[in-house]
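Presented sequentially are two complexes of chain A, the first with chain B as partner and the second with chain C.
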Partner chain A sequence: MPTITIDPVTRIEGHAKITLQLDEQGEVQDARFHVTQVRGFEKLCEGRPFTEMPALMARICGICPTSHLLASSKACDDIMAVRIPETAEKLRRIMNLAQIIQSHALSFFYLSSPDFLLGMDADPEERNIMGLVRKHPQMARDGIQLRQFGQRVLETLGGKRIHPGWIVPGGVSHPLQAEQRDQILAMIPEATRITRNALSWFKGQIENFRTEIRSFANFPSMFLAMANDANQFSAYTGWLRFINSNLEIVADHITGADYLNYIGESCNEDSYLKSTYFKPLGLKQGVYRVGPLARLNMCRTAGTPMADEELAEFRELERRSVWSSFYYHYARLIEILFSIERMNTLLNDPEILGKNVRAHASPNKYEGVGILEAPRGTLIHHYHIDENGLIKSANMVIASGHNNEAMNHGVLQVARQFVKGKTLHQGMLNRVEAVIRCFDPCLSCSTHAAGMMPLDIQLIAPDGEVIDRLVR
Partner chain B sequence: MPRVLLIGYGNTLCGDDALGPVAIERLSKMVADAEFIACHQLSPELAERVAICDLAVFVDATCQGEPGTVRVEQLVPVAVVGSAIFTHYVNPSTVLELAKTLYGRAPQAMLVTGAGAKFHNSEGLSEKGREALDEICRIVPQLVRDFVLTT
Partner chain C sequence: MNTESGVDICTLIIENHECGGRSNQTILEVAEENGIFIPTLCRLAGLSNIGACRMCLVEVKGSNKLMPACVTKIQEGMEVTVNSERLAEYRKLTLEMLLSERNHICSVCVANGHCDLQSLAQKLGVNHITMPYIHPLMPVDASHPRFIADHNRCILCTRCVRVCQEIEGAHTWDLMSRGTKALVISDMNKPWGESESCTGCGKCVQVCPTGALSEKGQAAGEMLKRRSFLPYLSMMREVGK
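Now for the complex of A and B:
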């Protein structure tokens, strides 16, 4: 069967390829997103002391180490059966918000805005961050500054911007100082200005992307995110909730103790990325999405004034839940705004300078689960230990796994819309990649990228003849 | 007094790839009146800090050349398309181009590369890596002194 391969997929975090299978009539019959790198962290941590897990797990990724650090620390808190001090929880929340800001800024400004600003059909030599710098320098400066803000918060609290070690089982290693708090607070007005400008600009662009909105993974699915009693945006505490495409609750109050009753994982022969699904419905019917779009569909209010205004406008897009994955970009900007506002509130809480920031305990359970909302979606760390506190087994369910089947659906939908005929052009292929960028999958990019492969796409006729080829 | 920025980058968990960050740690005790950055990889956020210095020295490891040897090259601002396409990772010339385009100024800049012998998952430098480190720490202070004397 003829196949088109897009390898590697560019402007995502990690290495992956897309294959498009054509039928005899040249129509796209199936599409798959393949992750071609293996990391193996679940196996290599076996036998390590559980207290090492946060630092070890943070090495999974150079973009979202803080998310793994937090989820891992929460799993260790569970093993120790401690409730961490309130100040420590607030400080961890700030770290999580800073992580969301820097990661979303990277996704929106560095990876995706070249598509919005330079056009989906622009030459890929231009349609990248350097093209953005040349044609829209203020947008580029803003993107750099916003990401820098998130990174500086991480660096101020954690000691360094990548792989900070400040978050530990039981809380954080040391309290926040007043001058550190003031440094962060001083940066908030500018970060707010940049985010509001970006939101205003993006909303003005939406009309230009109607075709993409219609076809970029625009389908009914369930959504998974953390929830709480107030139905407010929640990224650190709460339980898990599934809703359907009409915003009705499908499963609620799911905790670390019973998530395996609802979330199944399936291995794929052609990819190192597992497919995660809603267990009661099985792999084919149990497709759901996580991340910014899911979180905004899930919550009734954000809980901060400016983000709530934006959320109200976002909700006007649809009467039901918002289905088009193109709106992940929009949701990311709203989440940045929320994160800045919430961080401001937390930093202005007098308790934030409290000195009691760590609970100490030995293991009190043989099992622990940590759940939080990472920038890309729900992240679960689940550990079993032996009587010596050594890891017997570890399971990590990551956002890109939750979204895997939805990404496959999205690639198929967009390929059917844009890949037609016997001649390939960059615009159609970029749209196939761009639908993946909506989800911002993170495939672990912490290792050095040696020997980048060029993009090589071949259109092969049923008789095996290469009828078109694009290389970049 | 000219502003000097020394940036070492590399993965400290990949053997001799740690040359850049390790060199910066040692150089920070040898070179006065300079700013030091040790990082995993170069990113666009560095452009702003580069734009406000007069001399930027990038220190990196390489798997090319005779292990233990060191090479110095002058850099000019130029965007390298490959690195620009691949997201958040950029090379030194692209950092200079970003500094020039976004912040109006690119400093004089040099890339100092030390050839390593092993780059697999491990901590600590090889013998050849340590030779390159010694040479880098001999050359870079001299480069800085020469620059300060001529400006």
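Now for the complex of A and C:
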């Protein structure tokens, strides 16, 4: 059976390849997304004191270290069986929102916008952030500035942009100062302007991408995200909820104590990325998606005025839940807007400068689970400790793992639409990659791994003969 | 020149500075009195000196051997070189060997930013390790209710052994085995939490130069070492003699 291999996939975070199986007529029969790296974080932390876990686990990733820092600290809070001070919780929320802003800005402006602005068929030499700087300098500048905003918030609070500290088991290490708050507040109007501009521009572009919207992982699936009683957007507190493609609740009130009853992980022979599935339905039927699209499908309101307006418009796209993964990009922009607004509210709360920001305790449980909405979706850290507080085992369920089966479905769907015949061209292969970019997978996180990526695609005939090959 | 106590006063040259000191003083003490910096690691003022880490090696005119300044007594007419290419190279090499042997990953260490090994490496310009890492799997002893001993971060300076014996008087810590297998042990190699001699005073934790001994509950970079007790207690010890 002929196979096309796209190796590695570019403009994603980490190392991966895609293989497309063709039949005799050159039609795509099957498609797989393979992650080609392994990290071993779950193993290397064994034997370490649990209080070291947040800093250690943050090293999984340079893009979303804060998400791991937060999920890990939440798991440690659980081990200590403490309820952290309210101010600390609010400060942690601000860190999480800043993380969402900078990561989404990276995904939208740096990685994906070259596809929208320069075209799916553009020369790959041009179709990147540098090409964007040459052709659409304002857009590139805005993207850089928006990401800078998120990074500056992280730096102001956590001391560093990459691998910040500050978030510790029991809360945060020291209170926020009024000057720091004012510095962040001063940057908010410009960040809001950039996000609103990007949103109105993107909405104007949607019509040009009808074929992509139709075929980019556009299928009914369940969605998983954090939920609460108010059905409001939540990225830090709440429980987990599964909804189906018609927005009906499938499983609700899932907490750290019972997530293993609902979420199964399956190892793949051809990829280091595990496939996560809804356990009651099994691997084949239990496909679900996480991340911005899932979160916007899940909540009824965002809880902030501008984001609520945008959310209402987003809902107009479909009567049921929004299925096309192309809309992940749209959802990302709405989430940035929400994050900026929410951050503004939190910073204007006088309690934010409270001095009580840390609960101190020894381990009171042998097990702890921390759940959080990371930029790419639901993130779970689960630790077992021994009687001295040393890690016995760790399990991490990462957003890109939840989306693995959905990405496989998406690659197959888009390949069937665009890859035809016995010759390959860049545009069709870029679309196969672009569907992966919708999910913005972070592979270093999800294989708990490293990367430079050229591209090698081979079209192989049934007898093994290479019919066509593209290398870049 | 003889003083009343029978101790000679010597004159010597350290790094082109004419210095004076008592004959029972070490090169390091006289250098410090004269504001001349000699790097140290195992040495901590208030504890005995053992010359283990070899950071304070200096050149003495007339001798081909390098001398550890912390335990070498001054002599009349001595000419001491503190900074030379050879010394700088040896010191960096020694630090590199310390850093490459066990596990010194600063970013996730409780003592990050407050570590004598880290700050000395920064000061002496050790920004790369040129030799292969060994990374032996060393035990982490978290059996004590308040403290953790992570032998992966231990550089065998024996500050803990000395403070426990000389200041606290408990002598809980000591060394076992030799070379790369050397290990600081509590009592007769019992888990720290089961030690009968340990008073739980925590002095060893405070004098430890790295994150090897730390207080429980500290996240990365949070283990501040508080050593202000040491000059007072060592002064009281001298008075007691």
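Rule of thumb we're sticking to: the second predicted complex is superposed on the first by the 463 of 472 C-alpha atoms of A that agree within 3 Å, B and C clash if a C-alpha of one lies under 4 Å from a C-alpha of the other, contacts with A are read in each partner's own complex, and residues count from 1 in each chain.
In the analysis below, a contact is a pair of C-beta atoms (placed from the backbone, for glycine too) under 8 Å apart; a residue touches a chain by one contact, two chains touch by 3 or more.
Every value quoted in this text rests on a predicted model; they were computed, and no experiment measured them.
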In the superposed arrangement, does A:173 touch chain B (first), chain C (second), both or neither? second
Now for A:188: first (chain B), second (chain C), both, or neither, which partner does it touch? neither
Could you tell me if A:165 is touching chain B, chain C, both of them or neither one (first, second, both, neither)? second
Touching A:124, do we find chain B (first), chain C (second), both, or neither? first
Looking at A:49 after the superposition, I want to know if it touches chain B, chain C, both of them or none. Which is it: first, second, both, neither? second
More residues of chain A are touched by which chain, chain B or chain C? B
May I ask you to decide whether A:317 touches chain B, chain C, both, or neither, giving the answer as first, second, both or neither? neither
Quick check for you: in the superposed arrangement, does A:359 touch first (chain B), second (chain C), both or neither? neither
Looking at the overlay, what does A:260 touch: chain B (first), chain C (second), both, or neither? neither
Please indicate which partner A:390 is in contact with in the superposed arrangement: first for chain B, second for chain C, both, or neither. second
Do chain B and chain C touch any of the same residues on chain A, and if so, which? 59
Considering only the defined contacts, which chain A positions touch chain B in the complex? 10-13, 59, 62-63, 106, 110-111, 124-125, 128-131, 133-134, 137, 140-141, 144-145, 147-148, 151, 162, 445-449, 452, 472
Across the complex, what residues on chain B touch chain A? 10-11, 13-14, 17, 39-41, 44-45, 47-48, 79, 81-82, 84-89, 94, 97-98, 101-103
In the complex of these two chains, what residues of chain A are touching chain C? 47-49, 51-52, 54-56, 59, 163, 165, 168-169, 173, 360-362, 388-390
Which of the residues in chain C come into contact with chain A in the complex? 107-108, 110, 140, 142-143, 148, 150, 193, 216-222
